[in-house]
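Each of the next two complexes has chain A plus one more chain, namely chain B in the first and chain C in the second.
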Partner chain A sequence: MSSLAKKRRIFIIVALAIPVLLLVCFVVVPAVDLIRMSFTNWDGRSADYDFIKFDNYVSMFNNKDLWRSLGNNAVYFCVHLLMIPIELAFAVLLNSKLKAAKFYKTMVFLPYIINGVAISYAFSYFFSPVNGAFDGILEAIKLGMLKQNWLSDEKIVNFVLAFVSLWRFSGYHIVLFTAALQSVNHDIIEAATLDGANAWQMFRYIQTPSIMLMVDFILFDNIRGAMQVFDIPFVMTSGGPGYASSTFTLYTIKTAFTYDNFGLASTMAVAIMAIIILIYVVQNKIIHGIILKGDK
Partner chain B sequence: MKKKILCSVLAIATALCGLTGCKGDSTNNDDPMSGKIVFTIWDNNLLTYIDENDMVGKFKEKYPNAEVEVEKIKDDTEYWNSMKMRTSANQLPDVMFNKPFTLSRFKDYLLDLSDTEAAKNNTLAKGYAIDGKVLGVPMTAGYEYVYYWKDMFEEANVEVPTTWEELKTVSKTLQDYYSAKDPDFMAIALGAKDEWPDYPYMEFMPALVNGNGQNWNDMAKTDAPFAEGTDINIAYHRVYDLFTSGVLGKDPLGLSKDQATNLFAQKKSAITALGDWGLQDIKGAAENVDDLGTFYLPVRESSSEPFRYVVQGDSFMGVTTHSKKPELAKAFVEWFYSDAWYPGYINYVSSASSMSNFPKEKDPILAESDKAQPDGVAVMYDGGGDDFTALQNETTFDYKKLGSTMLTDGFDLDAALSDLDAKWKAAREKLNIK
Partner chain C sequence: MAEFTPVKPQERHTIPAKARSVTAQIIKQIICIGMVILVMLPILLTVFASFKTRGDMVNTSPLLLPTNPTLENYKKVFTDKYLYIGLGNTTLILAISLIFNVILGTLTAYIIERFNFRGKKFVVALFFIGMLVPTFVTEIARFKIINGLGMYGTIGGPILIYVASDLMQLYIYRQFLANVSVSLDESALLDGCGYFQLFIRIIFPLLAPATATVVIIKAITIINDMYVPYLYMPGNNQRTLTTFLMDYANAQQGSWQTLAAGIVVIMLPTILLYIFFQKYILAGVTAGAVKE
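Entry: the complex of A and B
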């Protein structure tokens, strides 16, 4: 091996060693420990605990409230998923020669940088049944008959919370799409324009395929975010009424800290990891294997 | 060469520094009354008083080689979460607080304070001893009150209730009278969205039905504690009747405790049940409290029964087994409950004193409850021991959540209690609790 090749190999090993070491220390080891804990009855305090085989997994599968909570996560997932094409359309609009595009970009991104707890508190008052601003707006535009118990009606509470989540995160997606669109090769766009492509054809056949990597990332971020949503229901409804707006993470934290069952909570954390991976794989198969198959 | 010498000197200095632990302070490790202790709190009022009155400086005057670091955690819920994590990491602070319902959870990590003057002079500490050990000295004696607006009662022509039926009637009369003018009115402000504000009803009422402060512990001894005729069954049926009678306003589940207290302070509600600490919240939100009065929650069915109200030790100050300076931490507890600090603090807060050597007159608003019920019987509340806590965790029995769930459509109390009985029996069998 030449001296240069040897030095290159050493550099690569050293450069890789640190991130790999960090990854092992802070991701792999805790993940393995989490799986180990999921087979115990640890209460979160005691030095001792017992291995109880698959009892936690059996208990988790029999827990109706937990699966109801996961159903609530699905509302966030679907609402955000439906919004992704609209967010992409907004990004295309902001990427065009729109007047004051920078101002709009700042405005849509602003909710994302505001503290999530503060947003949740503000919306609690916005949807309050007494002196609530939203009911006030409905009254002002003569739509008072549409007033609801926004945070306590089991049928609508998850949609209200998902709306707040949309308000907060859509701007983030739009800015990511905008950044990706700006990186699309201008030569391809010019060529398409010369070939007579209209705006829809440009969007469908040039821009969207060019930013597919970002689309994939946002789709994955949507799954992760929807499955792990916590602060909005925690502050706005405490998961109530009952478990009507509880989420998987909210229930997991309650299991760990209210019921002192860290073993079962670890099982739930393992389950949510598996669910996220499963949904991602299925979603990827559907999008790349069925919807986009015709483009290839 | 110079560089090499410089590097060598620096390396030796670094090594020496590492070996000696870079000790910069002059603390004498052999002196048990020197060094630093950490005192962790959640109470905003206590923090304000500590800052305004230089607690750290005053303690240093007494123990010149000692330092106290005051650590504030956001609220009590976050406090317990943090303490649980620290327990597993052997990182509990030197001095921590407990509530009656957390004492048994942390009992293995708290030192016995029976021999301290603070515990000896405390009127409640011995009542909460576990296995004969005083594991925490209650900072205050906690009473629960029902706050009400006298002028609103007068206008609606109702009297202070002395039985549960009277409370229901008074609430209904107030609701009917005021909601005719204001559709947002609620006779009783609850803030059920946060779930915990229903604790005066859901947590304390089972103990008040028959005056059994050990109700939670007794529940752990039976397979069907929620069955018809039990204290908890009677109490929760009474709560359910009240909560579903419309007296909580149009949407109690849509309002948080802060919103409900503010609306009460603005007289958009006539009644609210809170602890003695609630007086400060109400005073902070109301324009004036000239018409504010209190009475104890009337749980009894008829006036022939004794009138019972709950009393509990609150904020149990304890020294943890993780403390590296247990003697200093105990000295801090002694100092905190001494003439040098406690009288000023207890007069600053609205809560009652728990110390026999520093009695405190109740705030006139709170004292009205005692005047209204001079023959009232105080029930010493126990938050539940090991067995109850284990069963509660196993069955996921959350009485505060149950209270707010009572307000949802289609809720069936009998089915819920029957389901709890089944879970309770299975849990006792699984955990081998006799």
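Entry: the complex of A and C
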């Protein structure tokens, strides 16, 4: 048997060597390296650089444009967060007795599949100030006076972009919720029906607890997504006008690849990771500690 | 505290149950049709625009079909040689990345799912961390490594990144393997079949349905990805389908009808994949999110 054990060990080592090596080189090392680089003034090209202690952190905290970008991330975060109950309700709807449910499920997930760059351009056209489709709709329903410069007005641009983001990603959450709802035990549902539970009670006391794991995932996905918004503003406004629709990631990438300040960009990247973890922990505390308190 | 208040019988019968369920169905249908309109509107209007002449764009409402449908806009896209360069690069990146993703993904998932060995916890933790690290920002540090390997400006950079960093295939394979009986492995081993043979002859073919899911989902992710090719493949001849569209858009200078045709052409491949392989896609997407 010892020769089999030896064979077994060789198999494990050979099989895992490449995937683990790739993971370490291209994911783990870069993530750790970001922290080291955040204390340097590296420009992305030269061989040498200096350690400048916390200078990057100081200049990051004093950067008004970056704070503004972070505020824009908050818009995406809040809009998507407010949408989660609606997404859940929609998933319940798709799971209920519904004619053509399969077709609707296909449609709701379609935006998530579509090329992000292509759809961003399509929405640029949709909200375009010249012959734009959205203005056309407003005119058709006699609301022409509501016409705006949807993508160049500082006050509304982020909400327009967040709407595009909702359009693209809500279907993903709805499909995930649908899957979670389907995994709810049917015996429990039947028992509750026999006990005379109405639709709301069924949702609140039977379905919600069963899908808490999925809620957790979606909340985390929302933070990760909101902090990393990139392609929609990048394609539709390149963060403009000025920094009005810039996001933290957009600003970070610009700092690295346009202004060649990889040290400062690394600091921002570390900040993004820290913020994601921080919001997740706080959000988890709130949800499990307050809202669901007394359920057990 | 579950406190179900039973509905009183007489209340339940004030409205006939059947009429009530018909009303409910109508309301549901209205909501769903509203959703379909919301989803289709930006896509359909772009398709409308792509068949319009310049004159039509000015004279007809964006909400209406073209009065003089034209194929000129599509001709322009399809005669752009960079579309074909993009198609070639995307296909090449796709093919190589998928092959590696499938081979390494099946092997890793198989070992993690079926073997116990020293350091297993560490390896699993490593892959778990790999899933949590935000991809966008790590690019700043990853850039240095790819550059150091001389992969900047080649299709090697994106391939390496797609193979190494996106780990959703592990979830899909592991979930699938968890439902496959172990007895097959054991009887093969007793027959004197080596581990590699066992994997190649039995496990790998067994995973075929999961592989279909992995291939389709990864294909969609890679075709749609803008970020990695944008950072690592800056040259004109290094366009992918997605970055081709960005160049094409800049060249159209606000001529929406020609850009619209480009948008439709670039959207089409993944939409077609979705229509034909929807079952696999939905299965895989949810597998990636449901933790064991």
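In this section, the second predicted complex is superposed on the first by the 269 of 296 C-alpha atoms of A that agree within 3 Å, B and C clash if a C-alpha of one lies under 4 Å from a C-alpha of the other, contacts with A are read in each partner's own complex, and residues count from 1 in each chain.
The rule is short, and it goes like this: a residue touches a chain if its C-beta (ideal position, glycine included) is under 8 Å from a C-beta of that chain, and two chains touch if they have at least 3 such contacts.
If you're wondering where the values come from, they're calculated on a predicted model, not measured in any experiment.
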Clash or fit (per the criteria above) of chain B with chain C on chain A: clash
Between chain B (first) and chain C (second), which does A:283 come into contact with in this model arrangement: first, second, both, or neither? neither
Of the two partner chains, chain B (first) and chain C (second), which one does A:117 touch, if any: first, second, both, or neither? second
Let me test your reading of the model: by the given contact rule, A:130 touches which partner, first (chain B), second (chain C), both or neither? both
Applying the document's definition of touch, where does A:107 land relative to chain B and chain C: first, second, both, or neither? second
If you tally the residues of chain A touched by each partner, is the higher count for chain B or for chain C? C
Check whether A:192 is in contact with chain B, with chain C, with both or with neither, and answer first, second, both or neither. second
State whether A:41 touches chain B only (first), chain C only (second), both chains, or neither. neither
With the two complexes superposed on chain A, say which partner A:257 touches: chain B (first), chain C (second), both, or neither. both
Check: chain A residues flagged as touching chain B and also chain C 44, 125, 128, 130-131, 257
Across the complex, what residues on chain A touch chain C? 4, 7-9, 11-12, 15-16, 18-20, 22-31, 33-34, 37, 44, 90, 93, 96-100, 104-111, 113-119, 121-123, 125-126, 128, 130-133, 136-137, 139-140, 167, 171-172, 175-176, 179-180, 192, 195-198, 201, 205, 213-214, 217-218, 221, 224, 227-228, 230-231, 235, 249, 252-253, 256-257, 262, 265-266, 268-269, 272-273, 276, 294-295
The chain A residues in contact with chain B across the complex are 43-46, 65, 124-125, 127-131, 149-152, 154, 237-238, 240-242, 244, 257-261
For a test of understanding, state which residues of chain B touch chain A in their complex under the given definition. 80-81, 84-85, 87-88, 105-106, 108-109, 184, 193-195, 249-256, 259, 263, 268, 389, 392-393, 396, 398, 401, 404-405, 407-409
Inside the complex, what are the residues of chain C that reach chain A? 1-2, 4-7, 21, 25, 28-29, 31-32, 35-36, 38-43, 45-46, 49, 57-58, 61-63, 104, 107-108, 110-111, 115, 117, 123, 126-127, 129-130, 133-145, 160-161, 163-165, 167, 189, 194-196, 199, 220, 223-224, 226-227, 231, 241-242, 245-246, 249, 254, 256, 259-260, 262-263, 266-267, 270-271, 273-274, 278, 281-282, 285-286, 289-291
